[in-house]
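First chain A sits with chain B, and in the next complex the same chain sits with chain C.
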Partner chain A sequence: MIKAIEYFIEILRGSVITARHFFVNMFFHILKVMGIKTKRKGAVTIQYPEEKKELASRHRSLHRLMKRENGKPRCVACMLCVTACPSECIYVEAAEDPDLEIQKYPAKFIIDLSRCCFCGFCVEACPEDAIRMDTDQIELAQYSREDLLYDLDKLIG
Partner chain B sequence: MIEILIVFIKIIFALIWLLTLTLYLTWVERKESAVIQDRIGANRASILGIRIIGLFQPFADAIKMIFKEDFTPSFSKKFLHDLAPFLSFFFVAITISAIPFGDFISIGGKTINLLILDINVGLLFVLAMLSLGIYGILIAGWSSNNKFTLIGGLRGAAQLISYEVALGLSLIGLIMVYPSLNLSQIVHFQGELLFGVVPKWGIFLQPLGFMIFFFAALAETKRVPFDLPEGESEIIGFFTEYGGLKWGLFMMTDFMEVIIVSCLLTTLFFGGWQVPWLATDGFHFPWGGEWLLSHWVVVLFQVAAFNIKVFFFSWLQVLIRWTYPRFRYDQLMDMGWKLLIPLSLVNIVGTGILMSI
Partner chain C sequence: MVKIFIDEKPLEVEEGTTVLNAAEQAGIDIPHLCYHSAFLPEGNCRMCLVEIEGLPKLELACSTQVREGMKISTKSEKVIEARKGVLEFLLAEHPLDCPICDKAGECKLQDYYEEYGLFESQFEESKEKREKRLKIGKNLILDQERCILCTRCVRFLRDVTRTHELGVFNRGISSEIHIYEGLSVENNYSGNLAEICPVGAITDSDFRFKTRKWFLKKEESICPLCSRGCNIYIEYHPGFPRFSVPKRVYRVKSRENQEVNGFWICDLGRYGYSYIDEGRLNQIVENVNHPLSELNLEKILLFISEKLKRLYHMKKTSHIALILNTWLSNEELFLINKIFRIDLNVEKIFFVDPPEGEKDDFLLTSERTPNKRGAEEIGFDFKPLDLETLGNGTQFLMAFGPHLSHHFSLTEIKPVFDKIETKLLFTSFSNEMNALFDIVFPTALIAEKEGSLTNLEGKVQKFSQALMPLGESQPEWKIMVDLAKKLEVNFNFYRQFSSPEIIFQEMGKEITFFEKRK
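Then we have the complex of A and B:
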């Protein structure tokens, strides 16, 4: 009998908790409608397309290829990123560079973003610091797979 | 002639009231659950870019449901399969005709009662219609010709029948206190005062009866924590083979039942349209004060009181639905047969003893 009453009290406490959430949140919603700014919000929701969360500084987003002073890509087509990539989604075609210091440059550099898992290994692997993932672009959805093949023109920047 | 016209207008008003409330209860359910869970809830439905906190959402839902394919599985019993959702919708919707919205209005010397059907057995009528709603579920489960829907339908019928008994028994104490089955008379009785101060509402005279009725009525609405017939999230329920508007009718029936249960709770236990100390000519406070009001203001007060009470109970039921997990089936049956029915019998006997003293 005592047990049953204890259960009953616990059941009531459950609805007290939900009711408290309701009234507290409603209070802050109403304050917001009346134009009073409060630190606490009525909901934790971020209204995504209009409102965006700030990205952490260590985030990984769309790749970008770095440039030398003369505007050419810093990449020396060493294929280290190609080797490191677990998704095998980087394709590099090397060509000879007249500058003996550089020796090679990428004639083609394609990242297939439809397969990329944004692990950042390519960035880690690159000896020349030629590839980075800090463009802040994370909305990369496209209607066709071909649009997700990013080549040198799109990546350099 | 004019009588028929008046009844017709009353029916239209009551139906509009019920259907709008049902539509917006879906919105309230979404918003309230969101606020409880620290979210915002559906707010994207817009007309020409205007979206007032998602108030157009019910219409978007309705349009979506209307334009979905209306399919009937080839193995089902076609006629009954089509009939079932209408049965369950009809028997719930018709109960609104016995609920008093207010006392009366007088236009040009004519008094019009603010309820459609002023019959002497109003309470029995409502209970009977609510229990007939089981047929919709049973037929839906059986005519789909699918083992799981059949089990869902039987489960629903077993649940509703066991709670029907408690529902009926819990009201007998009430009928003993207010010696009438006529809902408008029950409301009139609740306008009297207890010890000259407290209004004579059902909740004060029949607290145990109220609790039993509330539990049983929650079970009648077939929503969480008593949603074993449907079990939207994991169990296969009686409306598995339905889609589109017919499924929508079942869903609307659920929400409508919530409103009808709120109406019944208000009418039977919370004084219906009665405002404490409000008589037909204004307020008469027990401490001697008076505040006389014109007829129309009084009517407005009464209808508003009824609506506020109904809104409150709808809100409470949504809160309960978003708080508790589902009962196991044997717990559900245990609670119905072993707890609520004995308690309601105790209530009847206790009421009898108290009244004879």
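Then we have the complex of A and C:
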């Protein structure tokens, strides 16, 4: 019997906490809407996509391939990213570069973003710092799967 | 016999054995770069240093012969320190371009460096600039920066091919492997150089940059491109789950067999692997409107067996003709011999093989027939295809192999084939001759099936399946066993043959030539 009463008391206490948060947030939110600056922010939600949160500096977003000074890809097609990739979504085909200092360049470089899990292993594996995941692009949805196959032109952009 | 101790392990070896070979017998691996068991020891890489009790300095394991009671330690502190020093000096001039080096993953220098953990360089001096892409032969590219001057390539060209195209030029730090003026490594064994190079100095332009070594899988097989029967490894790409790769087989390497090919294979076998992926037939082709719809092997064999049974019962087996080739294994030829020659009394059996080619005085033979000797031992006499005899009253023709086009033109052969009522072809390739046949069924290549071949010296060599048969292809032995079961002659005899191994055992019982080779 006592246990049943305790149960209802807890429910009431919970409701009071929720209501308090609601009214306090509402109060600050109204102040903000009216243009009065306060220390506290009212509602914690962001009005995405109109409003966007700043990404942390160590975030991982869409890949990009780095360029040399002459605009050629820095990638030497060593295929270590292909080897490291746990979702096996990178495909590289190498070709012979006439420049003896470079020797090898990627003729094809495809990332299947529909399979990518954004683990960043490719970035870590790269011995040339040729691939980075810092484009700030995190909205990658497309209408077809083919559009998610990013080739060299799209990645080097 | 001499008694020695390697790492306190007692061992008895023959007199005259080198320490390195003795250690190998004991299962102890002594690092070495320049030593190759095909050549005499040179001792210029200094990697195989070992400590021998009673001697003041470290000795070379590759060129020191064992003595009675010798106590050798291969893992002592002094030895490991020496190896580290040797590696450090080798790396003083070696560029660390492993990411773009084709040898990475199978490079001995890379492996040893990893093992001895020298990751921080003490050198401040910059490395010498040398030739990075020197074309030294039709398929070889030399990178002098990567070269560690082990001279395996020079010794190969001196001792094995005796063509002497490469040499060590200059002295001291300037010494380098180079090609003699006006020469080029064009001999038929040049591909072996890329294989014996312990680092990535000599690379194969056929394999260069195509893929990385660790993506490939390695399977044993036998080269069918001439009658020598060299032992090979087929290295193939199993494919990526989400991307298709352009081909399956990326390279062929030699497999040591002292009785047949030693350590080497010729360039024809090494670079001639494209037939495995190119021009293949991977599905059944039907050229005439037959009553059979949606063909499969079962229906084709039923059709064949009915035709054969009818001809057999009408005593018209002279109307049956067969065209065989020597790309068929011993087991397959044995089955064909049993079914057609012994059970059905077929006499018109012809052989159509690839035409003879160039030969050399080492491994390559002029005959491009991997199993001619086997066919002879089984009892076939080699009748080349005679169109007149074939056209004379033949109603049923079963042909194997793609080699008709090598010997006859389409216009020559068409009138003869038009007279034959039923024509079937079992081939691995699609070529213009396939249009002459009613039904063409795809078959597996030697790399895709199990069996055995007899080389020209009479050595019977078994081979295992390296690749999956392409598309609808089936190995011929399976087709033959299924056909024999459908023919219902000697059903219980053929029923037992569920693998080439069982067929081979039966062969051993029936043919004395194969008996001792079980």
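Here, the second predicted complex is superposed on the first by the 143 of 157 C-alpha atoms of A that agree within 3 Å, B and C clash if a C-alpha of one lies under 4 Å from a C-alpha of the other, contacts with A are read in each partner's own complex, and residues count from 1 in each chain.
By our rule, a contact is a pair of C-beta atoms (placed from the backbone, for glycine too) under 8 Å apart; a residue touches a chain by one contact, two chains touch by 3 or more.
On a predicted model such as this, the values are computed, not experimentally measured, just so you know.
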Fit or clash - chain C, chain B, common chain A: fit
First, second, both or neither for A:L100, with chain B first and chain C second: second
Following superposition on chain A: angle at chain A, chain B versus chain C, Cα, nearest 10°: 130
Which superposed partner A:T45 touches (first chain B, second chain C, both, neither): first
Partner chain in contact with A:H29 - chain B first, chain C second, else both or neither: first
Broader residue contact with chain A after superposition on the shared chain, chain B or chain C: C
First (chain B), second (chain C), both or neither touched by A:I11: first
Partner chain(s) touched by A:C78 [first = chain B, second = chain C, both, neither]: second
First (chain B), second (chain C), both or neither touched by A:H21: first
Contacts of A:R115 with chain B and chain C, given as first, second, both or neither: second
After superposition on chain A, the shortest CA separation from chain B to chain C (Å): 40
Residues on chain C engaged by chain A in the complex (per definition of touch): 97, 99-100, 132-133, 208-212, 214-215, 240-243
Contacting residues of chain B [partner chain A, same complex]: 32, 34-40, 319-320, 322-324
Contact set on chain A toward chain C in their complex: 76-80, 82-83, 88-89, 91, 94-96, 100, 103-104, 110, 112, 115, 127-128
Residue numbers on chain A that touch chain B, as the complex places them: 11, 14-15, 17-19, 21-22, 25-26, 29, 42-45, 47
